[in-house]
Amino acid sequence: MPTYLARRIGQSLLTVFLTLTTVFLLVRLAPGDPASAYAAPSATSADLARIREQFGLDEPLFVQYGYFVRDLFTGDLGTSYSFHSPALDVVLDRMPYTITLAVSAIAVTTLVAVPLGVWMARRADTRRELGTNVLTIAGQSMPDFWTGVMLLTVFAVLVPVLPASGFTSWSGLVLPTVTVAVLQLALISRLVRREMSTALASSYVTVARSRGVSESALTWRYALANSSVPLVTALGTRFAALLNGVVVVEVVFGWPGVGSLVVRALETRDYPLIQATVLVTATLAILVQLLVDLAYPLLDPRVRLGKAA
Amino acid sequence: MAEDTPLLDVADLQVELITGQGVVRAVDGVTFTVRRGETVTLIGESGSGKSTTAMGVLRLLPEGLAVLSGSVRIAGRDVVADPDAARAVRGRTVSLIPQDPMTALSPVHTIGRQLGDALRLRHPELTRTEARDKGVELLGRVRISEPETRWKAYPHQFSGGMLQRILIATALAAEPELLVADEPTSALDATVQASVLDLLMELQEHTGIGMLMITHDLGVARLVSDRIHVMKDGRFVESGSAEEIVERPAEPYTRELLAAVPRLGAWDEDEDEDSYGDGDGRIGPLVQGATS
Amino acid sequence: MSTAVDTRRPSAVTARDLARATATRQRRGARFKLWAGGACTALVVLPVALAGLLPLPGANAQDLSRRRLPPLSEGHLFGTDQLGRDLLSRVLHGGQVSLTVGVLAVLVSGLIGIAAGSAAGFFGGWVDALVSRFLEAQLALPLLMMLLLVVALFGPSVTVITCVIAVAQWPEVARLTRSLVLVEREKPYVAAARVLGLRSWSVLVRHVIPNVVRPASLVVLLLLAQAVLLESALSFLGAGPQRPFATWGRIISDGQDYITTSWWLVTLPGLVIVVLVVGVNLLGDGLRDRTRTGSRARLRKGA
């Protein structure tokens, strides 16, 4: 166990560094003057010269990398010139909104997809199978921006039940959550159905059935318990992915999270901000994924307690 | 139920499997009975239909796969005609001992939980503690050492032989009148097989339960059976008492089957190598962490 | 097991049993998916591929006298947008770019993925370690954000976007190929080939990879759907290819402002995406079901 822990943490650290390095290299390898990337569009040549000196852009690459890493450790991710404040602060300010959206989407997904997946797995009749296939495939196939715009139009404009954008009240969370949840629901309910079907077809369920265990106990106690480990890890992984992936939905609904922040930063060519956003969100997602992977042994007694001879 | 009513009365059982390749007749009309205190064995090679018969008798074959016809009376109730009857007798009148002990228990529940649930299914009035006490006693009966500690262990922490004994205990929790043993020793080491079979026979002596044994191993059949049915391609090729089949096989197929058993030289079976006292015949420690 | 019907004993299998059997249902399910998937995909791909030959107005041809006409107006099946451009033509021509990007990206990621995955699986050791580390690292990276960053830095050309999507997708192909190759490696024919004196490279390229390509390409089909969705998300955010034609995402984002008055500007292009992605997903699913039922039937347990 301890070796697994150490190895997994080491892996995550490596990935974080890889992300940092990739971002660092990308900005410097892009066509054009890196200095202009870090400068405001209205910079003069004097400004550019100053920035070149500040970032050490004339120095060899690995020296620049050194400055880069050093700055990271001191929490200095540059200054956003569109916000006129440290980039890190801007990102951390908006991070809670993205996290809220991701959490609520995962919560909704869990509450709906698990019973749905179990229902889909239980009895196999043609109508049920057709219906569920159609639903899940449709859910996977709708682009989130399109779903978002459609939902927005119907529920915020045509039938103004919910707010169109921003975070004026908690009801503003509803539409973005539903939009994000559509895809996650499709994926997770398919996973639950798959795992449940495997579990229900397995030997221990048949043997339990021979002991007179009722069908509902077989489903909800035996099969579901055995599906819970892959389910929880999948939910965790999806949550990590959502932290980075809700960009489009945030833009559609004007949700003040890091996704819409990054898009705005791209429009204004605010590279310090872009860099900071990517780094923070990536690190957070990697961290979440690490926690999910570390939780796995805790959930599965076979891994936790080690295998017998 | 009258004394002479057989525990299991199978008449013209036919099991057809609907596969992607067409309809396959796995069991083509078999008739046999199992009475109190007797052990009836179905012996045959793989693919002969013997396991399908056993699972079919208990109606444990997947519904979308198997079509049953004929009649199977367990304690007088026809389970082919009435699927509810099958649900009623499972875990009460009849129990299954499965083939592969390593996959026969839920990996994420402790064995105590599963055994306790089986006990409380049979006697819903038992409390958790009472069920645990009875369960520990059952584990002792199947010669699991330190049952109180083992109660909280998970299936993967046991060896195949111990798991099979736990499964026998779980089967007994139902206080059945009939045991269906589907190749109970095929997945076990040779040294462990004998102890499991010993256990089964001892239990039968004490409780008088009837047993339907499925095996491909003639040695096993010879050891435990009162009556033997030789099965091939879904049908009985020959039937008779154990001595008749083994000593005076009538059919050429039976003789081939007998001849296929390798002849071993003299073997000293007196040494009990079970120095850990857990009744398993193993010499070394079995379970990491669940120390004796 | 006897497969010949015993004429003395009639079969008890009714037509209803056959219809409800798992095997039948799976086969029917797979067949339906293939047909439905094929139909949906063709419904989108064919008109897009033939866009240049169809009697449609130019995609960028503006006609300010015929702005925001609803669908089924004369000469405009999908209606027109706020600049009088024929929506169907925009969708089909934009679709050409979208599909090109998607197909190219998938081909590139497929090639890289199969190469890297099979090398990792076959040779093991440091090759495997290296590839696996790359795989894990990349799977953990924030996909959409990195894509946006790259496009912002390198410009929204078709080349850049294709490369970026390909780079995003190769890990999945590689991971699958690697596990397939790990299984193949243990098969007797590999050992036999080695004994016959074939060098490792030869064995890998001439024998193992051909066996692995078919199951690996199933994933590629599903990745095409993902690539189309990615590309449209990018272009919705303004990071998609601008020339020669605006792609689907951009068309939708352009139409957002007019959603209440001209709903078709957003709904119809979106539906086209949905139909295509549904079709590709169904095809992929159906193919996977077909191979699965095939091999499961062959693994019938002995009784």
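Each chain gets a letter, A, B and C, in the order it is written, and its residues are counted from 1.
By definition in this document, contacts are C-beta pairs under 8 Å (C-beta built on N, C-alpha and C of every residue); 3 or more make two chains touch, one makes a residue touch a chain.
Note that the structure is predicted; figures quoted are calculated from it, not measured.
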Practice problem: Could you leave chain B out and let me know how the rest splits into touching groups, if at all? | Solution: one piece
Quiz item: Which chain is most remote from chain C in terms of Cα centres?
Solution: B
Quiz item: chain A to chain B: how many Å between their CA centres?
Solution: 50
Quiz item: Between chain A and chain C, what is the separation of their C-alpha centroids in Å?
Solution: 22
Quiz item: chain C: which residues touch two or more other chains?
Solution: 20, 22, 25
Quiz prompt | Overlap residues in chain A, where contacts from two or more other chains coincide | solution = 124
Exercise. Among the residues of chain B, pick out those that touch two or more other chains and give their numbers.
Key: 62, 64
Exercise. Spell out the part of chain B that touches chain A in their complex, as residue ranges.
Key: 58, 60, 62, 64, 87, 90-92, 95-96, 98, 100, 103-109, 114, 117-118, 121-122, 154, 156-159, 167, 170-171, 173-174, 284-289
Self-check item: chain A residues touching chain B - in the complex, by the definition given at the top
Solution: 124, 201-204, 206-213, 222, 225-226, 228-229, 300-302, 305-309
Quiz item: What part of chain A is in contact with chain C in the complex they form?
Solution: 11-12, 14-15, 18-19, 22-23, 26-27, 30-31, 37, 124-126, 129-130, 133, 137-138, 140-146, 149-150, 153, 157-158, 241, 243-245, 247-248, 251, 262-263, 266-267, 269, 274, 277-278, 281-282, 285-286, 289
Quiz prompt | Residue ranges of chain B in contact with chain C within the complex | solution = 14, 16, 18-29, 45-53, 62, 64-65, 67-69, 233-235
Quiz prompt | Contacting residues of chain C [partner chain A, same complex] | solution = 20, 22, 25, 28-29, 32-33, 133, 136-137, 140-146, 148-150, 152-155, 225, 229, 232-233, 236-239, 249, 252-253, 256, 259-260, 263, 266-267, 270, 273-274, 277-278, 281-282, 285
